[in-house]
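Two complexes come next, and they have one chain in common, subunit A, joined by subunit B in the first and subunit C in the second.
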Partner chain A sequence: MTTTVPASKIAGLVFGALLIATLPIWAGDQYQLHLAALIAVYWILIAGLNLVVGFTGQLSIGHVGLLSIGAYGFAILAGKAGWSPYAAMLASGALGGVCGLLLGLPSLRLPGFYFAMATMAFAMIVNELVMANPDLTGGGVGLPGPLFPAPFGTPTGFYYLVAGMAALVTWLTWNIARRMWGRAFISIRDNPVAAQAVGVPVLRAKLAAFVFSGVSAGVAGAVFASLQSYITPDTFVFELSLFFFVCIIIGGRGSLIGPLIGTAALTALPELVAPLAKLGNLFYGVLLLLVVLVVPEGIGRVFEIVGERLRPREVHREPVSPDLPRLARALKERA
Partner chain B sequence: MNARSEVQAFDAADYAGAAVPSGAAAPSGAAAGTRPAQLRAVQVTKNFGGLNALDNVSLDLRPGEVHGLIGPNGSGKTTLLNLLSGYYQPTSGAIRLGEDDLSAAPVQHRARAGIARTFQKPRLLPMLSVLENAVLGAWPHARSGFLATTFALPWVRREDQALLAQATELLHGVGLGHVLNRRANLLDHAEQRFLEIARGLAMRPRFILLDEPAGGLTPQEIEHLANVVRTLRDSGIGVLLVEHHTDFVFRVCDRVTTLNVGRMIRHGLPDEVRLDPEVIRVYLGA
Partner chain C sequence: MGTVIVSGLAIGMVYAAVALVYNVMYSTSKVLSVTTGHIAMLGGVFGAYIIAALGLHWIVGLVGAIVVGAVFGWLTEVLAIRRVLARSDEHLWLLSTLALATIVQHAVALWWGTEPKPFPRLIPQDFSAGVMDQKFWLPVGCAAVMALGLELFYRRTMYGKVFMAMSEDAFAARARGISTDRIRLVSYVLSGALGGLAGFAAGQLTFAFFALGHALTLSGFIALAVGGLGSNVGALIGGAALGLLSAFASYWFGGEYQQTVAVGLLMVVLLVKPEGLLGARNVRPV
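What follows is the complex of A and B.
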C-alpha cells in the first residue's frame, strides 16, 4: 500500500501546491500573508514534532523551549554576531538538534507522563536562562530578529522561503513515515512489546525522532524570529507548546495531512473569525475536548467515517488458506 | 546529527551479526562448526519473588524440528518461552544459542540473532495494514539509516520495495494474500494469528517460538496451522510450540517436553510422552 500513491492523492497534492504557490496573489492583505507565513513556520516545527508525538507516541510538551533556542540562536548569530542569516539558520537547526539530543538522552527513558513533565521542565528552564542572561539575550527587553536578504526580504519573498522550507520538511517526514523507520515508530507507540520482539532499538529510535524534531524546531525558531522581527521571553509562553501538541492530537496521530490541517486551522481560525479570537484558549480547549471525546483518532477520521457512511465498505471474509509451496519458496529465498 | 550517525553505525554493526546464513541444510552454527546451532535452555531456574516458576529445566531446540512444550496452566511454559525470547532473565542457568550465551542479552538482540516469537494474545499494530505489520518483522534486515531514509536515497527505496515484496510472498504463503491492505484491527482472530506468524517469518528467523498459536482456532484452521508449521520445519526453522491442543501437538511435533509446576516431568518422542503415566496423571487425564 505504500508503494503506489493513488491518483486522487496526487491530484489533491497538486491542487494544494498550486494553492500555496499562488497564495500571495489571492491573499487579501499583508496580514493574511503574515498569517500564512506563520502557519508555515509553525508547521516546520510541528512536522518534526509529529514524528515524536504522532508516530512514536512520546508526549513532548516542551518544544517551545527548542523553538526559543533556535530563535535566540538566530537573533544572536545573525544580529549581534553579524553572520549571514542562512548560516545562522543552519546553526540554529544544529543547536536545536544538539539540545534535542541532550534533552532526549535522559528523558526518553522515562515512561509517558514523566517524559511529558521533563519536557515541560525543559521549556521552563530555557525561559529562565533567557531571562538570566540579559547580556546575551537582552533579558526581558528581548532582541530584534534580523530579516533575510533579497529575494526573501519582502513579506512575499519570506513567505515563499518558509513555504518552501515547510514543503521540504514535509517531504522528509513523509519519507520517514512510510518506510521501516516510520513503522518502527508506530510500533513503539502502539505496541512496545512487539517492537522489541522484532528487534526495534526502542531508545535509539525515539532519540532519532526526537533529534530530528529538535533540528526542525531550531530551524523553525530561526525563521520565527525573523518573521516576528522582535523576540522576548514573552513570545515563548508555555501555551505555545500546548498549541503545537494540540494541533497534532486534533489532526490525528500517525498522519501527516491531519496535523497539517490542524496547524492551519488552529492558527488561522481565531485570527480570521473575530468571535473566536475573543475566546482564545477556550476555543482550543473546547475543540481538544471534542476531538478527544468524539473522534480520538483526530479530525482526519471524521472524513473517513463520512466516507464509509457514503460508500459502505463490505469486509468480505474468506477463510485463511495457506499456499504452502509459495510459503516454502518464500522461506527459501530469504537467505 | 550525532545521534543519527550513531544510529546508522548501530545498524551496520547489527548486520554483521545477523547476516549469518540461516538456511535449512546450511550449517548455520555461528561458531560451532559442523553441527547446526541449537537454541538451548540449560538448567534454568526462574523465581518471581518467592514463587519458583521454573526449577532447573533444560530444553534444546534444534533447527528443522518442531518441539512441543505442554503442561497444565501455571506449569511454566510461557515463562520458559519468555526466557528464551529474552523478556525475562534466568535466576540461574543459561540460555544459549550455539556457543553464545544469551542469558543477559536483551530482547532486541535475540531478534537479531534469529529468534522470532508470537504472543498468546496477538500483538499487532491496529492502525497499519496487514502488509505493513508483516514487513515490520524485517526490521533486523533493514539497513537503511535514519538520515538516509529522510532523504529517500535510491537504495533506501529499493530496500523498502524488496522487504515489502518478501513480506507479500510470506503473507500469500500463510494464506493472507487476500487481505494485504486491510487494517489489522479489522482482522478476525485466525487472521491475526497467521499475521503474527508471517511477521515472525519476515525476521528470517532460525527459530520461531509460537505461544499457543492454535488458541481460538477452528479445527480446519488448526489443520492449516499444522501445515504451515510443517513447512517451516522442512525449510530448516526450529519451531517451539507452546500449546494446549494436545492432539495438535502430538500430531506435528518431533519431540515433546512436558512441564508441571515448574519442573520437567517428561521429555521425548510424542508417543513416549503421550503414554507416560506421570504425564497422563497430571495433564492429559485418563
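What follows is the complex of A and C.
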C-alpha cells in the first residue's frame, strides 16, 4: 500500500529528524541533554499508552505501575544479578508485557470508571509490594540504576540510544495505528457494540493494545532507571501517571504527533519556567480541566480553528450586479 | 482481637460513608466522580483547621466542614459535570473530575502542608479508652446516621422521590416536568455536605492529610462495587466487609498488603457477582 504524503509533511519530518539527531551538538549544557533524554524515555511509554488511551479509549491511569516494574526489573537484573544491561532491558520489556497481560485480562472487561480504578489500584499495589520486599527492591531506600556499556555510557551516547528507541517505538505505533489494528482500536473507542457487531474481537484487540503498552512501559522503565541512576518508590508516584495521561489528552486522542508534542512541551515547560515547577501537579490538573472543558479534541484543534480564522477557505463567489434602475422602474410600474 | 474488629469496622464505615456519597451523585447523574474522596479529605482538613488552628468550638468546625464540602460539591457540578454531560461524550466526566480532584489535592497540599496533622478530639475522653474510643465510634455513628437519613429522605420527602425518579429514568423525569439540571445540582450540594460530614467524623482516625483523597476515592469505590452500585445498604455491607478484611489482613500478614487485599476483594466480587451483592443487574447497552 502506497500513499502519497504531501511534500510539506516530508520536509517537516526530515527537519524534525535532523533537529533530534544534532541536538547534542547545539544543546547548551548537560542538563538540557538530560531533559531531552527524559522526553525520549517518557515518549517510549506514552507512545504505547497512546494506543490504549488515545486509540482504544481505555482510560488507564495506572501506567506508572508498569514503569516501576520495568525500572525495578532492570535495576535488579542488571545491577544485583549482573546481567548485561541489554538483556536486562529486554527482560524488563517482557516483564512489563506479562504484567500488562495479567492486569488487562480481568480489568479490560470492566466498564470505564471500573477500569480506571483498577489500574489506579494496580499502581498503588506495585508501590506497596516494592515497599514490602526490601530485600529485593531496597524498600524505601531504593536501588541504583546501572549505566549502559561503552558506546552508550556517556550522556550523549545514552541520548542517542533512547532517541533511537523512541523512534523505533514511534514507527511501530504508527504502523499499528494506521492499519487494520488501528482502525479496530478506534472503532472500539467510538462504539464498542458496533465494533463487536462488525466482527472486531473487542477484548482481544484491547488486550493487544494493553500488552503492547506494557512492553513499551517496561522498556521505558529500564532506560528510566539508567537515566535517573537511582530509583526509590517516591519516584513512581501516582502523579506521574497523571502526567502521562495529560500529555495524551492535551495532544489529542487518536493522533501520534499531538501526544509527542504534548510530551515534549509538558516535560520541558516546568523545567524552563521556574514558577511552574513549584506548582507542578496543580498546573497539570488545571491544564487537564481546561482542555477537557474547552477543547476535548486536544490542543491541535485550537490550531486548526485559529488557522481557519486566519486563512479562511476560498469560497467560490458568483458576483451579482443587479440592474438597479431597471428594478426601480419595474417596482414603480407595479405601484 | 477486639481492637482489630472495632478498628476495622470503624475504617470500614468511613469507606461506607464515602460510598454513600458516591450513591447520591450517581443517582441523579450516573457519574462516579473521582472527587468523592477529596470531599471527605476537605471535611477533615477544614475541620482540623477551624478547631485546632482557629481555636473555635467543634460545632463551628462541624458546620464549617459541611459548608466547605457542600461548596466543593457545588463546584464539582458546575465545573466538571455540567458542560461535560451536555456534550454526551462517554467517560469525559472521568477526566474532568480527575482533573478537579488533582487541583484540589495539590491546592490543599500547598496551603495545608504535606504532613498528616492530628485532628483534635471532640469529646473530652481519656486516651486509654481502648475500643470505646471516640475515634472508632464517630465514623460508625456517622455512617449509620447518614444511611438512615438518606433512607428517610428518599422515602418521605418530595426531593427524595424526585431523586429516585431521576435515578430510574432521567428522560422520563424531565418529561414529567422535573428540572433535572437543578435536581442534579442539589444532589451534588447534598453529597458534598455528606462528604464533608464523613470526613469530619473520620478525622481522628485518618488524620487531616492532603493525600487522603485518592485513597478514599478508591476504597469507597471498592466498598460501593462490592455492595452494589446504587444500593445504600450494600454500601454499608461493602464498607464493613472491606474494613474488616483489611484489618484482619494487616493483623495476620502485617500492614504492607492492605491495597492488595482490598483489590483482591474487588476482583473476586466482580468475577463472581459483577453487579455487587445488592446491586441491580445492568442491561447491556445495544
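The definition used in the following text is that the second predicted complex is superposed on the first by the 307 of 335 C-alpha atoms of A that agree within 3 Å, B and C clash if a C-alpha of one lies under 4 Å from a C-alpha of the other, contacts with A are read in each partner's own complex, and residues count from 1 in each chain.
Here is the rule we use: a residue touches a chain if its C-beta (ideal position, glycine included) is under 8 Å from a C-beta of that chain, and two chains touch if they have at least 3 such contacts.
Because the structure is predicted, anything quoted here is derived from the model rather than measured.
First (subunit B), second (subunit C), both or neither: which does A:M131 touch?
Touch partner of A:M131: subunit C, not subunit B.
For the three-chain arrangement built by superposition, which of subunit B and subunit C touches the greater number of subunit A residues?
Between subunit B and subunit C, the winner on subunit A residue contacts is B.
Check the residue A:I257 against both partner chains and state whether it touches subunit B (first), subunit C (second), both, or neither.
Neither partner.
Please indicate which partner A:P106 is in contact with in the superposed arrangement: first for subunit B, second for subunit C, both, or neither.
second
With both complexes superposed on chain A, which partner does A:V302 reach: first (subunit B), second (subunit C), both or neither?
Touch status of A:V302: no partner.
Taking the superposition as given, does A:V193 touch the first partner, subunit B, the second, subunit C, both, or neither?
A:V193: touches subunit B and subunit C.
Take the contacts of subunit A with subunit B and those with subunit C, and give the residues found in both.
193
Can you check the complex and tell me which residues of subunit A touch subunit C?
Subunit A reaches subunit C through residues 57, 59, 61, 106, 110, 112-114, 116-118, 120-122, 124-125, 128-129, 131-132, 193, 238-239, 242, 249, 279-282, 284-286, 288-289, 292-293, 296.
Quick check on the complex: what are the subunit A residues that touch subunit B?
Touching subunit B: residues 1-3, 94, 97-98, 101, 104, 172-173, 175-176, 179-181, 183-184, 186-187, 190-191, 193-194, 196-202, 204-205, 207-208, 211-212, 215, 254, 315, 317-324, 326-335 of subunit A.
Which of the residues in subunit C come into contact with subunit A in the complex?
Residues in contact with subunit A: 32, 79-80, 83-84, 87, 89-92, 94-96, 98-103, 105-107, 110, 214, 218, 221-222, 225, 254, 256-260, 262-263, 266-267, 270-271, 285-286.
Inside the complex, what are the residues of subunit B that reach subunit A?
Checking each residue of subunit B against subunit A gives 1-4, 6-7, 10, 14, 21-24, 26, 85, 87, 106-109, 111-112, 116-117, 119, 123-129, 131-132, 135-140, 142, 144, 146, 149-152, 156, 160-161, 163-164, 166, 169-170, 172-182, 186, 188, 190-191, 194, 199, 201, 203-204, 220-221, 224, 227-228, 231-232, 234-235, 237.
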